[in-house]
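Sending over a structure as structure tokens; questions will come in a sec.
Chain lettering (A, B, C and D) follows the sequence in which the chains are written, and residue indices restart at 1 in each chain.
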Amino acid sequence: MSHNTFGHLFRVTTWGESHGPALGCVVDGCPPGIALTAEMIQAFLDKRRPGSGKFVTQRQEPDAVRILSGVFEDERTNGQRTTGTPISLMIENTDQRSKDYSEIAQAFRPGHADYAYFAKYGVRDYRGGGRSSARETAARVAAGAVARLVIPGVTVRAALTQIGPHAINRDNWDWDQVGENPYWSPDAAVVPVWEEHLEKIRKAGSSTGAVVEVEAIGVPAGWGAPLYGKLDAELAAALMSINAAKGVEIGEGFASAALTGEDNADAMRRGPDGQPMFLSNHAGGILGGISTGQPVVARVAFKPTSSILIPRQTLNEAGEEIDLRTKGRHDPCVGIRGVPVVEAMTACVLADAFLRHRAQTGG
Amino acid sequence: MSHNTFGHLFRVTTWGESHGPALGCVVDGCPPGIALTAEMIQAFLDKRRPGSGKFVTQRQEPDAVRILSGVFEDERTNGQRTTGTPISLMIENTDQRSKDYSEIAQAFRPGHADYAYFAKYGVRDYRGGGRSSARETAARVAAGAVARLVIPGVTVRAALTQIGPHAINRDNWDWDQVGENPYWSPDAAVVPVWEEHLEKIRKAGSSTGAVVEVEAIGVPAGWGAPLYGKLDAELAAALMSINAAKGVEIGEGFASAALTGEDNADAMRRGPDGQPMFLSNHAGGILGGISTGQPVVARVAFKPTSSILIPRQTLNEAGEEIDLRTKGRHDPCVGIRGVPVVEAMTACVLADAFLRHRAQTGG
Amino acid sequence: MSHNTFGHLFRVTTWGESHGPALGCVVDGCPPGIALTAEMIQAFLDKRRPGSGKFVTQRQEPDAVRILSGVFEDERTNGQRTTGTPISLMIENTDQRSKDYSEIAQAFRPGHADYAYFAKYGVRDYRGGGRSSARETAARVAAGAVARLVIPGVTVRAALTQIGPHAINRDNWDWDQVGENPYWSPDAAVVPVWEEHLEKIRKAGSSTGAVVEVEAIGVPAGWGAPLYGKLDAELAAALMSINAAKGVEIGEGFASAALTGEDNADAMRRGPDGQPMFLSNHAGGILGGISTGQPVVARVAFKPTSSILIPRQTLNEAGEEIDLRTKGRHDPCVGIRGVPVVEAMTACVLADAFLRHRAQTGG
Amino acid sequence: MSHNTFGHLFRVTTWGESHGPALGCVVDGCPPGIALTAEMIQAFLDKRRPGSGKFVTQRQEPDAVRILSGVFEDERTNGQRTTGTPISLMIENTDQRSKDYSEIAQAFRPGHADYAYFAKYGVRDYRGGGRSSARETAARVAAGAVARLVIPGVTVRAALTQIGPHAINRDNWDWDQVGENPYWSPDAAVVPVWEEHLEKIRKAGSSTGAVVEVEAIGVPAGWGAPLYGKLDAELAAALMSINAAKGVEIGEGFASAALTGEDNADAMRRGPDGQPMFLSNHAGGILGGISTGQPVVARVAFKPTSSILIPRQTLNEAGEEIDLRTKGRHDPCVGIRGVPVVEAMTACVLADAFLRHRAQTGG
């Protein structure tokens, strides 16, 4: 991970600000010969798109992705295929309301990246958060759509497991529920609770945190490059790099601190097919930084959005003490939109791990 | 992070197995002119060294570090100084008991990296865990000692905040206590509780997890390179790459998921010195991936060691179902030794962030 | 250098094919606060643009560059400034004649990348050479324009010193001549010779090689990162990566093989200003991979274009032996257009070296 | 290539100064399961070793290499095998004569890296040239020995083709001759000419330049990663990073500038085996940055060593003008010892290209 590029062999470089003319990414290192169309990427962008529920930001943009390079089609290719050259993806910003930014132009929103960017660069594009806007995650989702095609045997899927203080009941977990409610909840029972909580938060002009859980099924044993390219270390970096992420855990995660060795270690037996089988998955599918063949499981904690309507004490660039409330559209719970982003980053990490594994071992 | 190298500009490449002739690292990119002697590194290695308490592994090695390159001294240098060329550090393995490995040579210890390494590489150095041994962390600690010298204004210090189910009482936090007990506890009151718990674990031939908290004081605002070299993303990768780490959080971390925006965002006022001052530190000193000038705070969850005396169901390389107990020395709580390692990795990440910041901004 | 990214801290990722919708690059790591407009980049693109002479390809494209991200302007910034975030540059391909590619679609042009791309990827965008087209160098020139702004004290300029067998007379060297003829010749006397040679080549449907020399003035002593990031090694990679480049030399280059130590080593004396002064520059401004403060001097050999009208023996994808002549527009001497590209790559390497030097030494 | 690491997937990090306790390298990313012993590496080090002829430096060191990590042997591995973990190689410096360095300690040898290192770092290990010593190439040769094992189907071999003004007669080229004379000459006829020239140079206390040519046979079509990881760009960087290298060319190289397109492009026909066959190899086995299946051919120009006995004008650190002659052992022709180093770097680049190719294409 280097500034605006992530990945080693499946390399994604993203660019763009919230209110610039466009944003996008360059995906480099993608294998050749993979069927890829804009529509295949668009499907994932539509899933991420704000405006699908009333508790995500009301910005209305089609987020239409264009593929500018890296694909080719003629009568012999059986549809459009990747060529092994860099894939440039662009999404134009069509909804850049030229609204009045005079207030935040000179003020640091508490809990936002405003102050840190200013301290670092001495100049900042404050419009809509500029580079630190969650809008940049559209580029991640687009890249993730490509990544999935690199590892066709792997299914990456995420769900929301907590909003504010309300966690799901894991006994109710049903992946089929995830697409049936606007919060990606795998537990139908918690949906009305979340709805009520979000309504309260929205009315108060406040925001709330959330937790997303992701799993990747079909990852074979052997992916991951110890010691510093460990699969869990790469996942941790990728997930922590998402806007508003404040924690990442793998498998049992923080709960493992309270366990004993015999309760935490996953015993092995031969499965019905004679293959190695684990009797539990406290490890979250990763041991020694290498995948074990079990589902890879991670969780990400998202903090509550800092852009809220409740006035907060802060400073402006001149160093004066002011009270600031962030007007305009905002997400009461940015974690909801984090679900497809967590999936995308996980897919990118796995595609990269696959290529690295193939490089070193041929497999 | 690329296989066995971490860092971008302050680059550390580690090498070595538990039972090979030696282990070490190459530190590349260190600024020139810094006073550096083996003794300055040794002090941190001694702190990490097992055998300082009865609840860490009984392996007795001096862990004497040698500097093989990258330093120079003559009458004009005022002691030995770094030259800007790669610093090679080596620690010989003097205590490689040539014991009987016949059992684990062909068996996969449950919860250990054995199976994953075998699945990946088809060959593995099983002696003492080989490359996946916690012994490798000696090289990290050595590198961390150099990293601290690159950022002399920054203090990095860690403490243990939980062993098994027993967390400290944060109201008792006293940094002066940390060096006063063998568990790096900042809470004197919890020490007897931990002691009893560890004794029970040890007698049972079991192991227990733990949580380490680290803080870095003196980090100026502006370090970190969004979007994928974010300071928190780099920290997450570095800390998750430590043996047995299963979770990383920054500032409020997972608890932030339950908060509201107004409770989580850190308000700002001018401090007594007229400088920007935060009224709280839920952010853990990082916003938008960039340091804010507040203390950088992170926590790492360590799982219980997988090498335990309690027999566990597993397989051997031939695929046969066996029951295995791991004989020999082992750590009942690897998290204890994790404390200096967490400090070292944090120091390395910060040294790297400093150099990257200086490159782009001159600051 | 990694696939489609070059540079370490001043990182340029290029993308695009000759006949895709657009091409461009992402410049990452650029310092903030630098005045940058599309016009400033356009000036260099216009210089590179084909069609300025009759001996460069007749493709007529405005090559209008757009800045899609990484800059910001408000009343406080004194014009548009870089923000420290990735700068995305895009040039649309407006002149993609949908001509008949049926012949080369299945044939490998001798001396061209056709066969190698096909062997590597199994699929290739043959239209106009696809990714291997010299058109990609527009993105390099755009990036180079930004690089120059990062090192404002450095002047990078190049000239053509040989076309086919006709070298310039170095005694006639006059930098002011370079812009006065369509061949970037510093020697006015050679221009009619080259003109005649090119006319002959063009009429024959043939092509010719060339040599470009670049110098960078104002590079202070100390840039370059031994041992593998040596300034000359980075330059060699950057220049050899240009289409049709087959050789790179620094300073005395290949001629140094014939010299003795006393003739080759540049003696030093104090200059009129009391500063260290070299009495010659056989080293080309680089010793031990580090700049010495003298002008950095390099030369690049360009082979003759492989796309010629003279029929040549080759194979098609089916493995059949055919004779092929490449129809359509082509460059009789691609080296001419190489001049601004060599400048651009040199500027990028120096900007990167500057940032790396500043990171490690503060200077 | 980043400071002291070269390669992307086959990564070599070297360390060590001429007069430190040791030097060495860490080879990371090597595939597992490869038979590797110290003896296999030693064979190549012995070839490089100074002292095999009277025209290479008289330093007498066994250059005994030790493998400190990354290999394992038990009854199942059929000898010692790589494990996929980093391979640490160390060569102790046994011949560090603690001679009098008082003169060069404060003086800059003309043509040497002394001044540049001092300008960059402000401190330098002047003993024997420190990090800039040709002694570091021992680590490269050791790494190259490992690289060869990664690409067992490829033969990498080099020869000296020019010493001073005396080039070989290419019509006499005979690879079998290369090992039969102390100068790696493929032309037996030139040996007495070189001998006489070197004797004259040695007596004069002077030095001479040289040219090395390398070829790699058995490289399949498809290696190389355009556009900036082109095989020729990587080779150029690797070869230019060798001490005293001032020029690199591929295939026809600088001579291609004088050719026409029809003379330079290599025509293709089907070979006797029905496979694609080139009728010439002006390209040096690389087109578009990708290998074509022909031998990869490159040449490197080495300047004459700067350490000579003839007094030269220079400065000391205090800025005073002095005349300096470099006492002690030195190479009259460093290019001779460059032969195994050029081979090693070429092998490393090819091993890296192979792994990268396998990553992206599976091949």
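To be clear about the criterion, contacts are C-beta pairs under 8 Å (C-beta built on N, C-alpha and C of every residue); 3 or more make two chains touch, one makes a residue touch a chain.
These are the chains along with the protein names UniProt gives them: A, B, C, D = Chorismate synthase.
Model, not experiment: these values are computed from the prediction.
K.L.:
Counting only C-alpha atoms to place each centre, which chain is farthest from chain D?
P.N.:
Between chain D and every other chain, the largest centroid distance is to A.
K.L.:
Applying the document's contact definition, name the chain pair with more C-beta pairs in contact, B-D or A-D.
P.N.:
Greater number of contacting C-beta pairs: B-D.
K.L.:
Using mean CA coordinates as chain centres, what's the chain A-chain D distance in Å?
P.N.:
Once rounded, the distance between the two centres reads 45 Å.
K.L.:
CA centre of chain A versus CA centre of chain B: separation in Å?
P.N.:
The computed centroid separation for chain A versus chain B comes out at 26 Å.
K.L.:
Counting in whole Å, what is the centre-to-centre distance of chain B and chain D, each centre being its mean C-alpha position?
P.N.:
Each chain reduced to its C-alpha mean, chain B and chain D end up 38 Å apart.
K.L.:
Can you list every residue of chain A that touches 2 or more other chains, as numbers and ranges?
P.N.:
Chain A, residues with two or more chain partners: 2-5, 14, 29, 32, 84-85, 120-122, 131, 226, 361.
K.L.:
Which of the residues in chain B come into contact with chain C in the complex?
P.N.:
It comes out as residues 9, 29-32, 84-85, 226, 355-356, 358-362.
K.L.:
Provide the residue numbers of chain B that touch chain A in the complex, in ascending order.
P.N.:
Checking each residue of chain B against chain A gives 1-6, 8, 14, 108-113, 115-117, 119-122, 131-132, 136, 162, 164-165, 201, 204, 206-211, 220-230, 232-241, 245-270, 274, 276, 279, 282-284, 286-293, 301-308, 310, 312-315, 319, 321, 335, 357, 361.
K.L.:
Considering the complex alone, what residue numbers of chain A touch chain C?
P.N.:
2-5, 11, 13-17, 20-24, 26, 28-29, 32-33, 66, 68-70, 72, 74, 77, 81-88, 90, 105, 120-125, 130-131
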